[in-house]
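Each of the next two complexes has subunit A plus one more chain, namely subunit B in the first and subunit C in the second.
Up next is the complex of A and B:
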């Protein structure tokens, strides 16, 4: 029983990091209707940025997180410039929904993710970069029968704060209003005077900030940062987004938590090397039996 | 010059290049490493050609192609080491096992379109990769499988560089010819119809689901054959050869050469295998070169180096393989 409680706590904190990445996917899919394959690399870059800040200045965790937020926003804006804007030459309805545009941005973000990953590998080497012990967030805390680490609590707390902040931004600010307007109907938003290009840049900045923070939290939790670390969490966050119904943020968060918990509980039954299977299995089952996602509304053919 | 004569000339020229000029040049250089690079380029040309059928012609974005390549390689390696079968048996059996898995994968996922299909293939590719990595009893996990026997065919020892190259080149040429006939014919046109609008194609009497599954199975078959060739030429296979990165590399070849264009896919494969080798003296930039070439080609040559239109024109008029004239010289279409 204790073992299950323990795995539940770990699963929740892992699920929260998936949720942070999945929100970035969801926001960007909402406004552009395309998948950003370079989102996993934003997570990696966030982790490396955190590592650099910690090894050069050794500031408190809060300052690291703020620096990583800034780096994430910067990376997001740059990514939009390089991989998405050049392919958005026309803004009429047909080309916004066209397959050519969708596939070319998919390939360009894939290409940029290869370049970013390989550049990091050339710059830092392919071995694990170890995080200084003082900066790691894995001091154990005994809670009755269960032992969790302060990292679990920090991840849960930071993620919850960021989710609340995101809801505030989306509901109560001008930027959030325009993001919601564009994801509802890009052309309609344009007609009533929303600057669509600016909104897209904002969306990338916000989504990438969340992804970068997830990267640095996970990096400091496990104490290992490497160039290829973004791929698996990226795929799992993508699974959470598809399960949640593609454009539903609460759906993505719930499914990310579900995924994290299922994965960590699965280690009770099978060896942990197979736990990645859970996510891929969920994805296939969702796509075949609930193609609209578990929380998704009506949508075009998938 | 008649169409048939010109087509023969082009075909003979191409075969002479592959079977005479390239081996002669490689023998002149005399380094066994160059032979391996040539084998690899040919194997990837076949992989790109097989992905071209599914992603370029039928328009199903495939992000897990390397897994079928891996299934073929493991099938060939296991058949060769455990059952002691020779190349003549492992090659078709590897192709068949990859095709079987491809069809099994295709049956439930064929309802999905565009990005959903792409993600489903990504997930299935990763599942197969995890199986190769973690099913240690059969696949030996991360340690990989060694093939000590080398290449043998009908009692002949083919493990020296030249015979190995000739076997690989002959298999790849025959496979590419089949893919050429499939993609430049009425069959290929039906696949193109369901790429452009599958609901419309369905309404006009094309059996879209059957065609998609067939295209997927055929593509899986040739990926498996390529895997068997790789297992026999390299003599050692391990899971990282068949990871997501390899799928992306094959996709990049197809995109760089031109989606929907078979000569483009082959050209893309040669560029993306040979360019990093040419860059080797300047440091380890092979993987980053893939990203840069892919990005530049999407940005500057979005139709690819040999676009689909010019590729079709070439295949129909120059190769004449699928273009017929009646006795009076009027064009009667192609079959």
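Up next is the complex of A and C:
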């Protein structure tokens, strides 16, 4: 029994790391209706930025997070400018509705993500960077039969803060209202005077801030910061987003937790080689049986 | 437009002059297939650094010919490896090939070299079947057929009766498990748990919890240093204190940097210790440190350094006018080659005989131990 409790705790902590990434990912998808393939690299850049800050100044974690938030916002705005804005240069109705115009950003964001990853590899090499022990957030905490770490608590706190904060921003601020308007109907939003371009830039800034913070937290949690680190979590976050119904942030978070728990528990019964199949299995099952996400039904976007 | 054309013409002329100048000495080409991008790029990049050190020394030693190495990025992908092998085979100037990094890619490419008759020397492919593919395949790393039983006897001698084994899910990982388990059972030990995982697994904790449930006396592991660091850190995180043994694949200074205090007490075998006072070793360590920010080389760069030198020596013996056949025959004659990973002699099966050292991590250092 203790064994299963421990596996459950591990699963929740893994799921939490997926949820951290999925939040920003889903926010951007919700507004643009297109996958931002560079989100994994924003996550990686966040981790590297955090590592650089820690190795140069060794500040407390909160200061590192603030610095990484700034880097994330900067990267997000740059990403939008380079990979997304050029494909919105026509604002007539046909272009705005054109799937081809929108989906070409799949390629441009993928291209940018490859460039960013290779650049990091050239600059830092592809090996794991060593994370100073003092910066790691993996001090064990024994809770009866189960062992968790201080990192689990920090990640839980940050994820909860992100989720609640984001809901507040989306419902009670001007920026949030325009993000919701654009995600519901960009053309309609434009006609009632919402500055669509500005809103999209804001979305990228906020989504990338969340992505960068996720990167630094997970990087310090596992002590594994390397150029390729964004790929696997990106896939898991993508699956969680699809399972959650593509544009529902709370749905993505719940599904991320579910995914983590199922992966961890699956290891208890089958070889761990198969635990990666859990994510892909969920993806296939969702697409076949729950094309609108496992919570189903019509939901408000974002 | 005119100036551009003129510049191009000048550049072409310069290039022509340059190549004519280089042809003062005959040039012999070698191919090196290795991962320079992707998940295993760190290993391939280290191989290239080691190869460049070896090559620079060879070319500045006043030999009657010059050697060039053509590096091709296989990304540790068997399809890429085969494509590179075809390219090397088609280049008539290439008389020998080094690489690849993994056993899987080396063996896939080996089929091409076998058909075309190209000598291939891998610094790291340690799958037992690799050298059996054809008389053209050589390696200078000890295989699990030697290392597995050696470790089994060592762990038995340390008094462990129940052992759990984990290894990465690759051709190499399979041989880690089978070679160790066969000998350990023969010696009267018990393997209570055996499982594979995907290389680069982010979270080992579900697996560690599963191992701890079996309560083994020790864990024998087949993984490389990055996975090793993650595994050791997460064991500590879960409060699991079972002793860990591993193969020479985990032997790398980076392991200690990444895992810090959590690496203390890990036992493993190695063929190369940078602290070895042998002047050849110290010479290589100094040259390596100058090229990589003062970090000590691990075993793999040392393997690559030796492989390149063994190949260069074979090419030199096959000169003048080395052909692929002559280089192969000379490689096969390699005897007591003094390298940084000990002396290498190829047996009739083209397998190297090497001496293994028992080491343990103590106070942030790999130190040799008797038992």
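The criterion applied here is as follows: the second predicted complex is superposed on the first by the 290 of 302 C-alpha atoms of A that agree within 3 Å, B and C clash if a C-alpha of one lies under 4 Å from a C-alpha of the other, contacts with A are read in each partner's own complex, and residues count from 1 in each chain.
Definition applied: contacts are C-beta pairs under 8 Å (C-beta built on N, C-alpha and C of every residue); 3 or more make two chains touch, one makes a residue touch a chain.
Predicted model, so just to flag it, every value in this text is computed and none were measured.
Superposition of the two complexes onto subunit A shows a clash between subunit B and subunit C. Once the two complexes are overlaid on the shared chain, A:115 sits against subunit B while remaining clear of subunit C. Of the two partner chains, subunit C is the only one that A:224 touches; subunit B does not reach it.
In the superposed model, A:273 makes contact with both subunit B and subunit C.
Legend: residue contacts after superposition of the two complexes on their common chain; A:133 is shown touching subunit C, with no touch to subunit B.
Of the two partner chains placed by superposition, only subunit C is touched by A:10; subunit B is not. With chain A as the common frame, the single stretch of subunit C that clashes into subunit B is 97-105; none of the other options in 43-51, 97-105, 241-249 or 295-303 do. Subunit A residues 118, 121, 271, 273, 276 lie at the interface with subunit B in one structure and with subunit C in the other.
Note for the complex: subunit C touches subunit A at residues 37-39, 41-42, 45, 169, 195-198, 200-203, 205-207, 209-210, 213, 226, 229-230, 233, 236-239, 254, 257-258, 260-261. Partner subunit A is touched in their complex by these residues of subunit B: 61, 108-109, 111-116, 118-120, 122-124, 126-127, 130, 133-134, 244, 248, 251-252, 255, 284-285, 287-288, 290-292, 294-295, 298-299, 302. Listed in rising order, the residues of subunit A touching subunit C in the complex are 3, 6-7, 10-11, 14, 118, 121, 125-128, 130-131, 133, 138, 140, 142, 147, 149, 222-224, 228, 232-233, 263-265, 267-268, 271-273, 275-276. Remark: subunit A residues 35, 83, 86-87, 99-100, 102-104, 106-108, 110-115, 118-119, 121-122, 231, 235, 238-239, 242, 271, 273-274, 276-277, 280-281, 283-284, 287-288, 291, 301-302 touch subunit B in the complex.
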